[in-house]
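Lettered A, B, C and D in written order, each chain numbered from 1.
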C-alpha cells in the first residue's frame, strides 16, 4: 500500500481512465436493461401497466442522473492527472465497485415495501461513492499527482461538492426511518 | 448552467467521446441480447416460431439502423470539436439518456396490441433524440466549440437532417393514432 | 452512397475503430452471460447437469473463437487505415450487425432438434460476416484508404482467408441438410 | 503460430489493450448484474432474504477483487509494450476467454451443495488465468516486446506473483475435496 512505486507514464493514466469510463458506461446502460416492460393489449391496459411501474422508472431516472454526476465529477478531477500511484488506483477500484453496485441498488430501491431498508441501502451506496471520490480528490492534491498548472480551486470545489452530496445522502438515511419524504433530501 | 467555465483541453473532449461511444456501443449490442430465441424440435416448428417473432426482429433491425444513424451523425458533428462547455456536456448526457432508452422502447414497440401507445412512445424517444442532437449541433456552432477550419455547412447539413428526422418521427405519432401504416413515415 | 465526401482525419478513423472494438468486446463477453448454469446439490448431480449442457458450452467456445478470429482479421486490415469513406463506414456497420447477431445465433445453434435450420442460420451469419469483411478489405485497397507503405499482400492474404472461411461456412449449409457431421467442415 | 510476422506499430498494441480493457470492464460489471435481488415487504423480511443470499454476495466480492487484480497485473506488464506478435495475441485471447468465464464461475460457486465441484471449477479457472498471465509475462520478456528501458524486475515480480496466485488456487482444489475451509487458501 506504500505509494513509493508511483507510475509516471501518461499511457498508464489513460488506460485507467479508459477502463473507468468503460465500467461507468456499462453500469449506466445496464440501468435501462432492467426496466420493467409493461404489458397490455389495449392502450388503456398498457398505460395502466406503465403507471404501476412508476417506482422503477423514477429509480432509473434518479440513478442515471446520479451516475452521470459521479462520472462528471471524476472527469473534472482526473483531467490533467499526470501520474497514478497505488493508493489512487485502489481508491478508484473501490469507487468502481460502488458504481457497479448502483444498478443493483436501483433494483432494491424500486421494490415494494420495506422502505427504510431499501432507501437506506441506496443512500449508503451513494454516500460511500461520494466519500471515496472525496478521498481520491484529496489524495490527488496531496500526493501532487495533478499536472502542473492545474488550479487548486478545482479540487477544493470538487471536494466541497462531493462532501455535500455525501452528507446529504447520509442525512437522508435516518430521515428515511422517520418517514417516506426522505426523497426530498435529494 | 453558465457556459463560463469552458473546458479547453483535448483530453476532456476525447474522454467525453469515448464515454459516448461506449454507451452507444453497449446500447446497440444489448438490442440483440433481447431477441426472442425461437423454440422448436423440428425444422418446421422452429421456422414457425421464428416467423411468429417477426415483430421483434423487425423492431431490432429498425433500432439497430436508427442507433447507427444517430451515432454517425454524432461522429460527424463532434469531429474536430476542440472544446466542451457545460451546456454541451449536459445536452450530450440527455442525448445518451435517450439512446439508452432505445432498447427499452424497442421492447415496447415489439409488444402485442396497444399499437398507438407503443408506436407513439418509440417515435417520441426518437423525436427527442433528434431534437437534442439538433440542439447540440446548433450549440457547437453558436458557442464556437468547433476547431477552426471546420466548414459551417457540416453543421447546417446535420441540423437539417436531424430536424427532418425529428419532424418525420413527430408526424408519425398522430398518424399512428389514425392507423397502422404509420411505419410508412419512416 | 457516393464516396465523394471522404473523411480524412485520423481521429475519425480512431473513433470508428474504438466503437467497433467496444461492440465486438460486448458481443464476445455477452456470449458467456448466456451460458446455462448447471444445478445440482451433489457433485454427481452437478456433473451430470453440466454434461447435459454440453451443446451450449461447445457453441460458446466455437463462437468465442469465431468472434476473436473476425476481430483479429479486422485488426489486421484496419491498422494503418488513414481515411474512412461512406462505403467503408456502411460496410463496417453491416459487419457489426452480423457480429452483434452471433450471440443470438449461438443460442439458436445450441438448441435441441431442428438441426438443419439451426446450423444453417449460424453458418449463414458467419458466411455473411466473412463476405462483408472481404468487401471491406477489397474496398480499402481499391479506394486507397490505407496509409502509404502498407504492403498490398496484407490485403490479399486477408481477403483469401476471409473468402476461404466464407466458402467453408457456405458449403457447410447444404452439408447440414445431408447429415449432422457438417461440424467437420469447420 | 510462428512469431515471425510481428506487428510493430504502437496503434496495434493500443487497440489490443483497448479491446482487453473493454472485455474486462464488461466482465467486472456483469458480475453485479447477476446479483440476486432480495424480496420482502417488511424491513425484517428483506433483511432475512438478503442474509440468505450471502453466498452470492460473497462470491461477487471475491470475483470483483480477483478480476481487478488480474487486470492490475495486466496493466503493469503491458505498459510500455512496444510490439505484439502472434503468440502474445493468442495468449491474450485465451486469457480473455478465462476472464469472460469468471462471471459464469461466480454463478457456479455461489450455488448450493456440490461444494467440491463448484469450488474446484472456480479455482481451476483462476489457476489457468494466472498461468496464462505468467506465460504472457514470460513471453514479453523473452521475445523482447517491451519498450527499451523497462526494468526487467517488473516482469520477474509479476511472474512471481502470478505463479504464487496460480499455485495457491491450484492447491486449494484438492483441499476443497477434503473440506469446506478451502476458502482459507485465498
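Methods note: a contact is a pair of C-beta atoms (placed from the backbone, for glycine too) under 8 Å apart; a residue touches a chain by one contact, two chains touch by 3 or more.
Values in this document were obtained by computation on a predicted structure and should not be read as measured data.
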item	value
Subunit B to subunit D, fewest steps along touching chains	2
Averaged-CA centre spacing for the pair subunit D and subunit A, given as whole angstrom	25
Chain centre separation in whole Å, for subunit C relative to subunit A (CA means)	35
Multi-partner residues of subunit D (each touching 2 or more other chains)	18, 22, 26, 30, 33
Graph class of chain-chain contacts, one of line, ring, star, complete, other	ring
Footprint of subunit A on subunit D - complex, ascending	17-18, 21-22, 24-26, 28-33, 35, 37-43, 45-47, 64, 68, 71-72, 75, 79-80
In the complex with subunit A, residue positions of subunit B that touch it	7, 9, 11-12, 15-16, 18-19, 22-23, 26-27, 30, 33, 89, 93, 96-97, 100-101, 103-104, 107-108, 111-114, 116-118
